[in-house]
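As written, the chain order gives the labels A, B, C, D, E, F, G and H, with residue 1 at the start of each chain.
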Amino acid sequence: MSLELLDGGAAMAEAAIAAGCRFFTGYPMSPFTGLLEEMSRRLPAAGGVCLNAESEIEGVNMTLGAAAAGARAATGSCGQGIALMQEAIAEAALNETPFVVFNLARNQQDYFQATRGGGWGDYRTITLAPKDVPEAVEHTQLLFHLADKHRAPVMLYGDPLLAQTRVGVDVQPRDFGPLPAKDWVLDGTGGGTGRSRQIWTWAMGKANDPGPGPDGHWRAIADKFDRIAAEEQRHEESMVDDAETVVVAFGTAAKFVEHVVAGLRAEGHRIGWFRPVTLWPFPGAALRRATTGARNVLVFELNAGQMLDDVRIHAADRDAVRFVGGVSIAESGLSYGPLLDAPAIRERILGGAT
Amino acid sequence: MIIDTSGPPVLPAKQVADFKPSLLLGEHSLCPGCGEPVALRILLEVLQELDIVQRTIGVVGHGCYGSFVRIMDVDVLQCLHGRAPACATGIKRVRPGVAVFTLQGDGDMANEGLQEVLHAAARGENITCVMLNNGVFGDTGGQQTATTVLGQRTKTSIDGRDPELHGYPIPVADLVASLRGSAYVARGAVSTAAGVLQAKRMLRKAFQTQLDGAGFSLVEILTMCPTGWFVPTAEGPTYQQGTMEQTYGIGELVTR
Amino acid sequence: MERELVVSGVGGQGIQLLAKTLALAATREGRYAMLAADYGGEMRGGPSKAAVVVGDAPLQALPILPSAWSAIFAHHRFAEGVQDRLRPGGIVVANTPLVDPSGFRPDLRVFAVDAMTAAKAVEAPQASGFVLLGAYNALTRMVEPAALVAAMEELLPPYRRQHAESNARAIAAGAATVEVSA
Amino acid sequence: MSRGTLVIDVDRCKGCELCLAACPPNVLSMSATVNEQGYRYPELHDGCTGCTACQIVCPDFVFAVYRFTPAS
Amino acid sequence: MSLELLDGGAAMAEAAIAAGCRFFTGYPMSPFTGLLEEMSRRLPAAGGVCLNAESEIEGVNMTLGAAAAGARAATGSCGQGIALMQEAIAEAALNETPFVVFNLARNQQDYFQATRGGGWGDYRTITLAPKDVPEAVEHTQLLFHLADKHRAPVMLYGDPLLAQTRVGVDVQPRDFGPLPAKDWVLDGTGGGTGRSRQIWTWAMGKANDPGPGPDGHWRAIADKFDRIAAEEQRHEESMVDDAETVVVAFGTAAKFVEHVVAGLRAEGHRIGWFRPVTLWPFPGAALRRATTGARNVLVFELNAGQMLDDVRIHAADRDAVRFVGGVSIAESGLSYGPLLDAPAIRERILGGAT
Amino acid sequence: MIIDTSGPPVLPAKQVADFKPSLLLGEHSLCPGCGEPVALRILLEVLQELDIVQRTIGVVGHGCYGSFVRIMDVDVLQCLHGRAPACATGIKRVRPGVAVFTLQGDGDMANEGLQEVLHAAARGENITCVMLNNGVFGDTGGQQTATTVLGQRTKTSIDGRDPELHGYPIPVADLVASLRGSAYVARGAVSTAAGVLQAKRMLRKAFQTQLDGAGFSLVEILTMCPTGWFVPTAEGPTYQQGTMEQTYGIGELVTR
Amino acid sequence: MERELVVSGVGGQGIQLLAKTLALAATREGRYAMLAADYGGEMRGGPSKAAVVVGDAPLQALPILPSAWSAIFAHHRFAEGVQDRLRPGGIVVANTPLVDPSGFRPDLRVFAVDAMTAAKAVEAPQASGFVLLGAYNALTRMVEPAALVAAMEELLPPYRRQHAESNARAIAAGAATVEVSA
Amino acid sequence: MSRGTLVIDVDRCKGCELCLAACPPNVLSMSATVNEQGYRYPELHDGCTGCTACQIVCPDFVFAVYRFTPAS
């Protein structure tokens, strides 16, 4: 094992390359910029291409093209930039082009954006929310695997602390098991054979070999996302079995919550925590189990209450759910305000656990 | 006297032109008198003549020509409206040995995706973009695009395009030609047989430019849309000559 | 065991470089390090803070430390709140005269270092941050002194190589100040 | 006398009349009756040169063109 | 009263003009195109401006500009076009620029897009889903009022049947009561006075009069949306009091459900229906009341299950909720498939009401 | 001998230049040697000289100049990255009597929003767009934009912009100038005092064009960004002259 | 009471215009009308269907009718399913010879109209759709015959004004066919 | 002899030195000491013409410029 001191951006860049990413596009936006800069430095040396996309829309569509041609490909941005990509992310979900979107956001106010899309049609985006840089390294690699496994765009949802904190990490390629053959890829060899290939959201097929068309295709896509929803839920939890109070949080905020809850438990509180690792699919069944018997299900997120919806849908007792998070933004607008801090969180949790 | 044309001639004769290019897998459903199928024909013929059919990927935008995806026997990505040059860029960078082209309309390229094509050209991206310019959104029923000529009546400029209200038409090929990454840029028209042949030569040069690795190439082809122009099909070509071809001019703008 | 250092000052004092040097040195020693920076976005000349955590196993520390074992105060501005997070017995390096060493909680172990004077004395006027780091490391033995110098050199961009020696002198000078005062 | 001739796939025709204008010797005219799609279609008169102009402009791929080979 | 036979597009155009809309932009996309064409014909005569926006992004930003300058303004699109507008809709929500977005969609697969945004930050979009053309006329006028009342972008979510069905309607201006003064509008007169105005998502204010900044501003926005959520819920319901089965549906589909449920009730089934008129804010309290005592809460929507989330959050008994809708698309991709039909819906409802 | 410059001279003297335009409400926080504040100064002076301060609305994009929103005593809409010309269009159509301008960078106008400015120009929109072109994304730390000159090192083109990989720079003013809706287009630079004065005359003409109702006007101003270029501040002007000004050229492109 | 008509045929037969004329006529009479069209998107020459509902109070009808009171079949293609929705006793106008009038459910009241022949007979060969409409309205008295003609005229674009007379003749001819056969 | 002179608001200066190069008679030089922001700032020597070049190029609005009025 050899540790390198990398910030989140560089660590994810290394991890992406280790996972076989060979095409990357990006447009600067804090705190995503670091990952872009690292990719522009590191990817060419690995035989890949990193393009300074002229805008987020061009970037995501370049990535879609590269993925359609068979490359492991990725792009990323944050906030407004992700908003601009929604059309293409939906398109890729519906025409089954796999790639990774690094959503290194300014805060947690984009949970709906990540989990409910905002593109069009019935699609969902597998979204992993690592709590720290080492986990981001693992998630990055896992995401390329999941994208190929399910032929779908997938997302990593991070924040400035994840993107910019430097930690000693050891990035090693990881094997997540076999994958289906990429026999759908456009390689240009189909022309004139009567079996030329097509990637098309409406799946109308060729005249000599009609596809399922939008109805059949989109129903199949909906079924696929149902399958993914069943298969890919991931979560972590601790001390929930006898807990009167379970605190639910994701991403960086969850790391803080773990710390605070551990402290409260040490002081004798019957409290535990639950962390959705996949924001979509939301680990609903696990949350239901984990909150069975809990009198308080507290949701801590740094926004006006977005994951709250998913917790309300799945918590064992919906009426036990209380929101203890809130909007908290730095003066610069670029990171969190004072609520992302262990003492403040402790206060909120104690206030909520009545 | 009407000659029997129901089958091949009985007298010794050589066939000099066939119905449709062999790369077509079926019928198209475009309107009578539409110029787009003619452009499709010459595009496919060029791929065959250059012998690159089995190393070509097309990227097709949204417009009436979008339905060609079903009948072209070529590997195709049907992409989002306006984004073909970006998608083509991704494909080309990942598969530099493949010829990559886009097929887009004026609504697709001059409206929704003007930025994509200009950036791709500036980048000198080694792809070939084909724009079918009929000066209207055909597929949605004939509204004004950025290339609609002055005075043209459309469903969203019912009294004719008025520069005071709606501005001036954009000559896409000229804009592209002014960028340093462009290696071949031309504008053709399919309103006459000679025009079709000229447009075909342009397409051929454009693909050759790409095969030579020389940089970005674009062919803008003016095509009739009698439906969107509200003119009888037979008048399409002359209407086009008097309006679009006057406004834009035909010819090669960049050769390198 | 994880040991935390928080550094606080204003942009331009070399806060970030100081923290990065320490974290890299620990990393090169094969230990786990974390470096969390906090420099108010696009504002220039504003607050500059950093936190370094070092440990022998994968770290549990939060990127915003609820409490810390030690601190370097490079400037009195923007220092509010930092002292409150130090655990009793915490080690403090105070950059005099910009920071008043008498203004700290009595349960802290405060070491005054006149970094600018020391830096100038070794003809490294740009390197007062490294003086503070040298002093701190002499007090805490967070990393081997040689590792500190090596990390500093590794972090120098090629066009700043000429500063390697003077920075090293500053680190040593910093160590010297506390070895005397300790 | 015709130097060339056509095969006209009349049922494909959509009656746009582009071929008529394109034909240099002007030897095409539209039928009186309609094809199975309901469109009038072109009919060939004497004088075809086999120039292929009709085939080139036809959007519906209605023509094959032949040139008679001189009985050498 | 004088009836005019107008399709939904023309009826909404008339209604918008009656409501004082004087600026409109649009980019063709079925089935929104009709509204655009009608506006381009009718608005100039009313002294307004209708622009052929060169793209949806330009269109929505033109509309944002016109609204910032004080006009009642609107834009619209569908599906992918709305996806492209998400950045600007979020921006308008956060910088408080009021306008109306006509989301005349191809089907009901864009419920998440409408109700969960997909832009960035903590914002919500008041979304009305009329069930037919006469209601669309009312909603159109109400939306201009709500936009100004809350200084926020708002949305009408329709579909091809709403956009294209012609009905006899009588469009009359309606008065929804007084509105706050538009004293925030940019009129250009502030320059050099030391009190020049500013519209800015980050609300940083002028150097001589600092604003709340992102933290204060975005918390205030979150509070505002909480207030709207409490104030603006609208719904309709029928025969729910003694119902064993309550069917929840929105928009055109709800009109069909009403018809089917009325038939079933006539046959003796203890069944009722509930229709959220505002998709956001979702009429949760009313749904809870309406479903209290119901053994089956059936959700019928023509998608893979999106409103389902909101029903699960609010139904009296979450475990009674069952999905009886589904993806159903016409071959053309442009409208609904066979599931939007009274007999098919009847079957689904009977199947779900076990 | 160093002259006392701490206060006004005691000898009789006329003040011929003041510290800052009176329309500034506070200090800016831009980097040492940045050219953008100089452009801001002349822009505000022009508004005053034309006496339109109280009938002007500015639309400001995203970049370092974005912070000018806080200090300009002018009605301002801070808009989304790249979208200023579209927002300005909406404002102008609703308030035709007001002078509407945009303030954008090269990242804002040549990257994210190339389409918006070209469409606005083609539309002949009666607004004035001001582009501060420093050839990098300054605000995000110096990455390559579409106007970065060949060979320039940036954080995303560390070995210098290479046309093979990154394409060629886009001359925005030239593109705009080629569109028929453009009534005044010019490119200036603030690397010398004479350049600043020339740029100011350009701005004045651009606003005058708008006040005359003549159509779209654009002034591209080349500004130093020593931070993003990684050059000492004092070398900014000469670096700019040798790179950007060489590549793009200074002068008026359209006057009508 | 709401009365429903469904019309079914292929693109180009004037289905949409026929339906629109009826709906407009009813509207001009001050009654409530609904017209729901269904013409498969971008496909050309494909199915063309329309539904018209007329009533004296705001309508409750669905835009896709679960059942209908009457129908016009202009073509045998794409007609599947339409018959099943007609209520017993429903009125059917069948365009012979394109539609076989003997192929209907026995509980329907079927009227055969050779629209093309009738249209040609009054020198309005383009107006066979109006023949069907004239016949239908003569049978159902959905609207006043004069209202139908007025609505047809109102819907003509200026450059088609010359068709007003021949269309009117076609409407009358249609009425005549059923008045004879009835 | 100077035809003009300056007021230099030294604390606003960010030490970029643009004024030095802009000054035609070359009568500005940078200070040895720093201002409150930590930057060296320009100092005026004899020979200012009051041409305003320094004021025109200064990004930080540091200069006011005066021209001496001939004691007529």
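Simple rule for what comes next: a contact is a pair of C-beta atoms (placed from the backbone, for glycine too) under 8 Å apart; a residue touches a chain by one contact, two chains touch by 3 or more.
All values reported here derive from a predicted model rather than from experimental measurement.
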Contact distance in steps, from subunit D to subunit F: 2
Steps needed, at fewest, to go from subunit F to subunit H via touching chains: 1
Chain pair with the higher count of C-beta pairs in contact (E-F, A-C): E-F
Centroid distance [mean C-alpha coordinates] between subunit F and subunit A, Å: 38
Geometric centre distance via CA averages, subunit H-subunit B, whole Å: 61
Inter-centroid spacing, subunit D versus subunit B (mean Cα positions, whole Å): 25
Inter-centroid spacing, subunit G versus subunit E (mean Cα positions, whole Å): 35
Where subunit D touches two or more other chains, by residue: none
Sites on subunit A at which at least two other chains make contact: 30, 54-55, 80, 87, 91, 202, 330-331, 333
Junction residues of subunit G - those touching two or more other chains: 42-43, 45
Of subunit H, residues touching subunit F in the complex: 2, 4-10, 12, 14-18, 20-22, 39, 43-46, 48, 50-69, 71
Contacting residues of subunit C [partner subunit A, same complex]: 20, 23-24, 26-27, 30-37, 40-43, 58-60, 62-64, 66
Subunit A-facing residues of subunit F, complex: 80-82, 107, 110-112, 114, 137, 140-141, 143-144, 146, 155-158, 166
Complex interface listing, subunit A residues touching subunit C: 3-5, 30, 132, 134, 161, 164-168, 252, 255-256, 259, 330-335, 340-343
Subunit A residues within the subunit F interface of the complex: 27-30, 33, 36-37, 40-41, 50, 52, 54-56, 80
